[in-house]
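As structure tokens, the structure follows; a few thoughts come after it.
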Amino acid sequence: MIRVQTEDFDPSAEIARLHAGRSDIGAVASFVGLVRGESHGEKLTSMTLEHFPGMTERELTRIADEARERWKLDGIVVVHRVGELKPGERIVMVATASGHRQSAFEAAEFLMDYLKTRAPFWKRELRSSGEHWVEARGSDDEAAARWRR
Amino acid sequence: MIRVQTEDFDPSAEIARLHAGRSDIGAVASFVGLVRGESHGEKLTSMTLEHFPGMTERELTRIADEARERWKLDGIVVVHRVGELKPGERIVMVATASGHRQSAFEAAEFLMDYLKTRAPFWKRELRSSGEHWVEARGSDDEAAARWRR
Amino acid sequence: MKLIYFAWVRQKVGRAEEVLDVPREVATVGALASWLQARGGGYAEAFADLKRMRAAVNQEHVDFASPVSAGDEVAFFPPVTGG
Amino acid sequence: MKLIYFAWVRQKVGRAEEVLDVPREVATVGALASWLQARGGGYAEAFADLKRMRAAVNQEHVDFASPVSAGDEVAFFPPVTGG
């Protein structure tokens, strides 16, 4: 279940999507990413996310498929917002359902690490000093590299 | 933020508890555990959780304190239900806020692993064949042992 | 000494808690478990296999070598199964 | 060939997409980037440092040695920063 949208989402509803109406799901791990109000020591006014429609969904689907190959999962949710966001707003959520707690956690972490380095999103920050494109972080590449086989 | 309660909880509200009204939180990892409708190949009618009031809160607080010592966290939520629960119902949730995604994930996994092996809760299942106390699993001990230093 | 029982220990002993006069020479958790087992009936059944038994003294997990004395609150229970 | 630009690449080039007649001998993503850079102006600025540039051909991440040909859709963009 992959979605790219401008609207906010409800974490409970996204988690429920994985287990509502069924009773074979024991474990749901999830992650919510939020806009921080400060960047590079400056106050952040807003963040604007742009993406590559079509390729984004393809890459997210590919990443989800890869997670399903690596772990026994009963469901995956990935929701990513685009457009203008204010400090404190939700940006992204991934959630994974599995019979095994550790698989759910690992898969959720894997999804985030791969999403950060492969899904075609770009963040632009409006800060006190003006507009700045966010630079990719080496630490995200390293996090993704952990999963290489 | 440690709670033991008979009532259900709302995952969104628990996550929001960690970041609502502030904009310095970038990452919230969480886990929700649910009652499965089958156990030992039998249909499960209900599950009843009992605990050791007082000691439960002490142990959960101790586990949360240990997580805070190991990772730089901006907040922790642990909610655990007791009493009678039906298949598909939420049992437990942990959520962790951190500036770093990996810290949030690791701390949430640590909290669950330690909670499973140290918090004084006991599950009794009502199955087709009658009432059965759930047996502790070696895999939970192994999961907790990963964190030993 | 205050004794508290949980889960199947409680069911086998037949009560949730009780206050007992425990002899002074029963000075460890393990000795207390054996002393309770020797009382027979539900106690004998509950404490038959100490490998399946865990204990807390004054709400802290302890092993069977830990000391106990008259003022303590001692809880016996199976390995925990929360989460 | 259809070219698409994102983030600061789009801003520097001054448009989001365009269709260009690219010479046949421009046969790789790297050659295409150099050819665009040679157009000068915003292109020269956008493609000045290819270490900061990433590309996709027909919506698949590719490296600069990958082939391109007339019917392809080629996207240029900075390293991604979602999540």
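In order of appearance the chains are A, B, C and D, and numbering begins at 1 in each one.
Convention: a residue touches a chain if its C-beta (ideal position, glycine included) is under 8 Å from a C-beta of that chain, and two chains touch if they have at least 3 such contacts.
Computed from a predicted structure; not experimentally measured.
K.L.:
Give me the chains shared as neighbours by chain A and chain D.
P.N.:
For chain A paired with chain D, there are no chains in contact with each.
K.L.:
Where the centres are mean C-alpha positions, what is the separation of chain A from chain C, in Å?
P.N.:
49
K.L.:
In whole angstrom, how far does the Cα centroid of chain C sit from the Cα centroid of chain D?
P.N.:
Using C-alpha averages as centres, the distance is 73 Å.
K.L.:
State, to the nearest whole Å, the distance from the C-alpha centre of chain B to the C-alpha centre of chain C.
P.N.:
Each chain's C-alpha centroid was found; their separation is 26 Å.
K.L.:
Taking each chain's centre as the mean position of its Cα atoms, how many Å separate chain A from chain B?
P.N.:
Chain A and chain B have C-alpha centres separated by 23 Å.
K.L.:
Using the touch definition from the top, which residues of chain B touch two or more other chains?
P.N.:
Each of 33, 112 in chain B touches at least two other chains.
K.L.:
Mark out which residues of chain C touch at least two other chains, giving numbers and ranges.
P.N.:
none
K.L.:
Please give all chain pairs that are in touch with each other.
P.N.:
So, checking each combination of chains, I get A-B, A-D, B-C as the touching pairs.
K.L.:
Under the definition above, what is the set of chain B residues touching chain C in their complex?
P.N.:
Residues in contact with chain C: 33, 49-52, 54-55, 58-59, 80, 91-92, 112, 115-124, 133-136, 140.
K.L.:
Tell me, which parts of chain B touch chain A in their complex?
P.N.:
10-13, 15, 19-38, 87-88, 101-102, 104-105, 108-109, 112, 143
K.L.:
Touching residues of chain C toward chain B in the complex: what are they?
P.N.:
Per the touch definition, chain C meets chain B at residues 4, 6-8, 56, 59-61, 75, 77-83.
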